[in-house]
Amino acid sequence: MKSKIFLLLALFAVLTSNAIAQSSFDAKFQKMMSDGFRAEGIAGLDRIQQDETQKFCSNPKLINTKQGALKAIELQKLNMASIVQPTDGKYIGDWKNGEAIAQSGRGATWTDKPDTVNGGGCYNCHEINKKEISYGNLGPSLWNYGKNRGYSQELITYTWNRIYNSKAYNACSNMPRFGHFKLLTQEQMQDVMALLLDPQSPVNQ
Amino acid sequence: MGDPMRIRAAESNGIVDVKILMKHDMESGQRKDSAGKLIPAWFISTVSVKAQGKEVFVADFGSAVSKDPFLNFKYKGSKGDKLVVSWVDTKGDKRSDEATVS
Amino acid sequence: MKQRFPKASMRKTFRFVLGLIIIGGVSAAYAQSTADEIAKYRQMIADGNPSELYEDAGAEVWKKPAGPKNASLEKCNLGLGPGVIQGAAAQLPKYFPDTNRVQDLESRLITCMSTLQGISAQEIIDAPIQKGLKKDMDALVAYVVTASKDQKIKVSVRHPKEKEAYELGKRAFYYEGGPMDFSCATCHGSDGKRIRLQDLPNLTTQAGAAAGWGSWPAYRVSSGQFWTMGLRLNDCYRQQRFPYPIYGSELLTAISMYMAVNANGGTMQTPGLKR
Amino acid sequence: MNQQRRELLKYTTVFGLMASAGLITSVQAEEWNKAAFEGKSLDEVFKALGTNTPDKSGAIVINAPDIAENGAVVPVGITTTLKANQLAILVEKNPSPLAAEFYIPAGTEPMVTTRIKMAQTSNVYALVKADGKWTMAVKEIKVTLGGCGG
């Protein structure tokens, strides 16, 4: 009996000391982050304040647990709910503009101005038009995107949602939430949609 | 007065392989500064290389030679040759450095 | 035997050939040849690394008396004893008892410049990139890391503060934020990834960290500048759309510690030459 | 041109003493072909070099990658089996096509490697002057966009 109590006490001591160590580590980390950055140009310190999705995705250990899987579903719902469909009902814009947006990786850095037109940076991570040989592979190839998948309304809505807020489908997707954080305007997203989904777009040839 | 160059010259079978790196911005006149103003052209226009006092190589550059220019050429020579590399740029700045063939 | 060419692959081939015709010879066939040609490009520019120009300048800065105390840096202790440069960068970051903290090369050079030469540390931190005291720093870094070329990366985590810096760096590596939701891990957390045509080392593995950590600082062809690790990380955070990381901060040292320890056993190929 | 050049070299040796005395440097005495370097098209450059469009020659090799990872630094080398005394590198789509010109005295190998800037994907021309006649080789070099582009 005595030894059981002792064991329990010992366990408690280990747990609390772990917890104390953890919270002191957390405090050190927070201090390091807040001392480590300063605001510059359009990049304010608010950018290191995390929303719930970012907080969750910064913890790779948690993501791979059962609890993490449940949290991911909850966050996906949250992100899905924030998506706004195009206010003018138009999903497909001009693929030529879309190509230019896909090529440009500019915008939102501290060397950009508040009026810098953001690009989508799509080629950084995706193969899109095969004519562009300089493309990244963090995301899947989008060559023949519409042609391979058909041009259904379902696909169109899905694609809009993916560009607007990729975290609606995968809580820790590597793809920026272009609509959610207003990285692209509605018109720009319509143009990128056209690049992928206009049957005339070179992507679908 | 420009910054020092890096000159490497090594002889093998009677041929001296010369590699030169020069420190220069080589402004093309096409670039804009952060305020959107065109940065005027300013580049090395001529590089001359002498071995034992004799001219063995001359390069004339336009505005399209890269920043911190690199040159590689070969001439018939020997170990111990004294090389003098001189450049002049479009503002009249000059630089001369020496090296010995190894 | 009849099925030697399955239909699917025939269709693929057909589509491929069709693709070739339609887009005028630019096609998927590039994948391999693109990689080969990029490799050839890198090999060609590797001969004649302009970092050497910075290294020469750094040797001068190291020896020249400067600052209010009019002293040189020849007694600077980078971890292997006063004035020892050979191999020093391969063992950084590390814990220094005199400052009671873990320091990377740049943070340590700031300490030397302030204690030996009397130069204000804040002045170095605040100097604009590539100018004034930062220009001296760039040259010094080029000089010091060249003296570790071909050395084995050997960074200690024996001291509790070293271990802690590693853990803090790891956490910062996975810290997601900004309007694009990026962390270091977004691009450097898995194998075989590229942005455009640039390979992204997986810094969470030994091989990737050795390739990444081991080839910076480097002369960067696209900017025509020599970049220290401090500047490399500064631009990573800029591209991550984060605010501005403070030069010489604990944060940059911790991130460096995370990469360097992961890279242990690899080889310093510094200074590198990058796109 | 060739004759002029030789005279210039002689001139340079005459001034050698002055140069070594620091009065002038020999590089000052070199002729920089302003018209050629400021030519805005291949034809203008050819004209300034004193030639029509040069014939293509199999004896000239351009050593350069097919794809440049960055247009700011594109390595380009020329080698030739011709008895060249002058070499030149031209980039068709640069605002000023002539990138560099090289003079090869006797005893120097007819080869050079340097690095040039390319504004975009373009044909690159290696020109070689031998026995008073310009010939050339052509190679397309693709310039790719790199990095995050921010």
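Order of writing sets the labels: A, B, C and D. Residues in every chain begin at 1.
We adopt the following convention: a contact is a pair of C-beta atoms (placed from the backbone, for glycine too) under 8 Å apart; a residue touches a chain by one contact, two chains touch by 3 or more.
All of these numbers come straight from a predicted model, not from anything done at the bench.
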Quiz prompt | Middle chain, criterion being Cα centroid separation | solution = C
Quiz item: B-D or B-C: which has the larger count of contacting C-beta pairs?
Solution: B-D
Quiz item: Any idea how many Å lie between the Cα centroids of chain B and chain D?
Solution: 14
Quiz item: When the centre of a chain is set as the mean of its C-alpha atoms, what distance in Å lies between chain B and chain C?
Solution: 29
Self-check item: Centroid spacing, where centroids are CA-atom means, of chain C and chain D in whole angstrom
Solution: 35
Quiz prompt | Distance between chain centroids, defined by C-alpha means - chain A, chain B (Å) | solution = 48
Quiz item: Mind pulling the chain A residues that touch 2 or more other chains?
Solution: 108-109, 111, 123-124, 133-134
Exercise. Name the residues of chain D that each touch 2 or more other chains.
Key: 67, 72-73, 75, 115, 144-150
Quiz item: So which stretches of chain B touch two or more other chains?
Solution: 66-67, 70, 72
Quiz item: Which residues of chain D touch chain C in the complex?
Solution: 63-70, 72-73, 75, 115, 144-150
Exercise. State the interface residues of chain C toward chain A in the complex, per the touch definition above.
Key: 19, 22-23, 26-28, 30, 34, 164, 167-168, 171-172, 174-183, 185-187, 192-197, 200, 237-239, 241-246, 249-252, 254
Self-check item: chain B residues touching chain D - in the complex, by the definition given at the top
Solution: 15, 26, 28, 30, 45-48, 50, 53-67, 69-76, 86-88, 94, 96
Practice problem: Provide the residue numbers of chain C that touch chain D in the complex, in ascending order. | Solution: 33-34, 37-38, 40-42, 44-45, 195-198, 221-222, 224, 238-239, 275
Quiz item: Which positions of chain C touch chain B when the two form their complex?
Solution: 47-48, 50, 52-53, 56-57, 219, 224
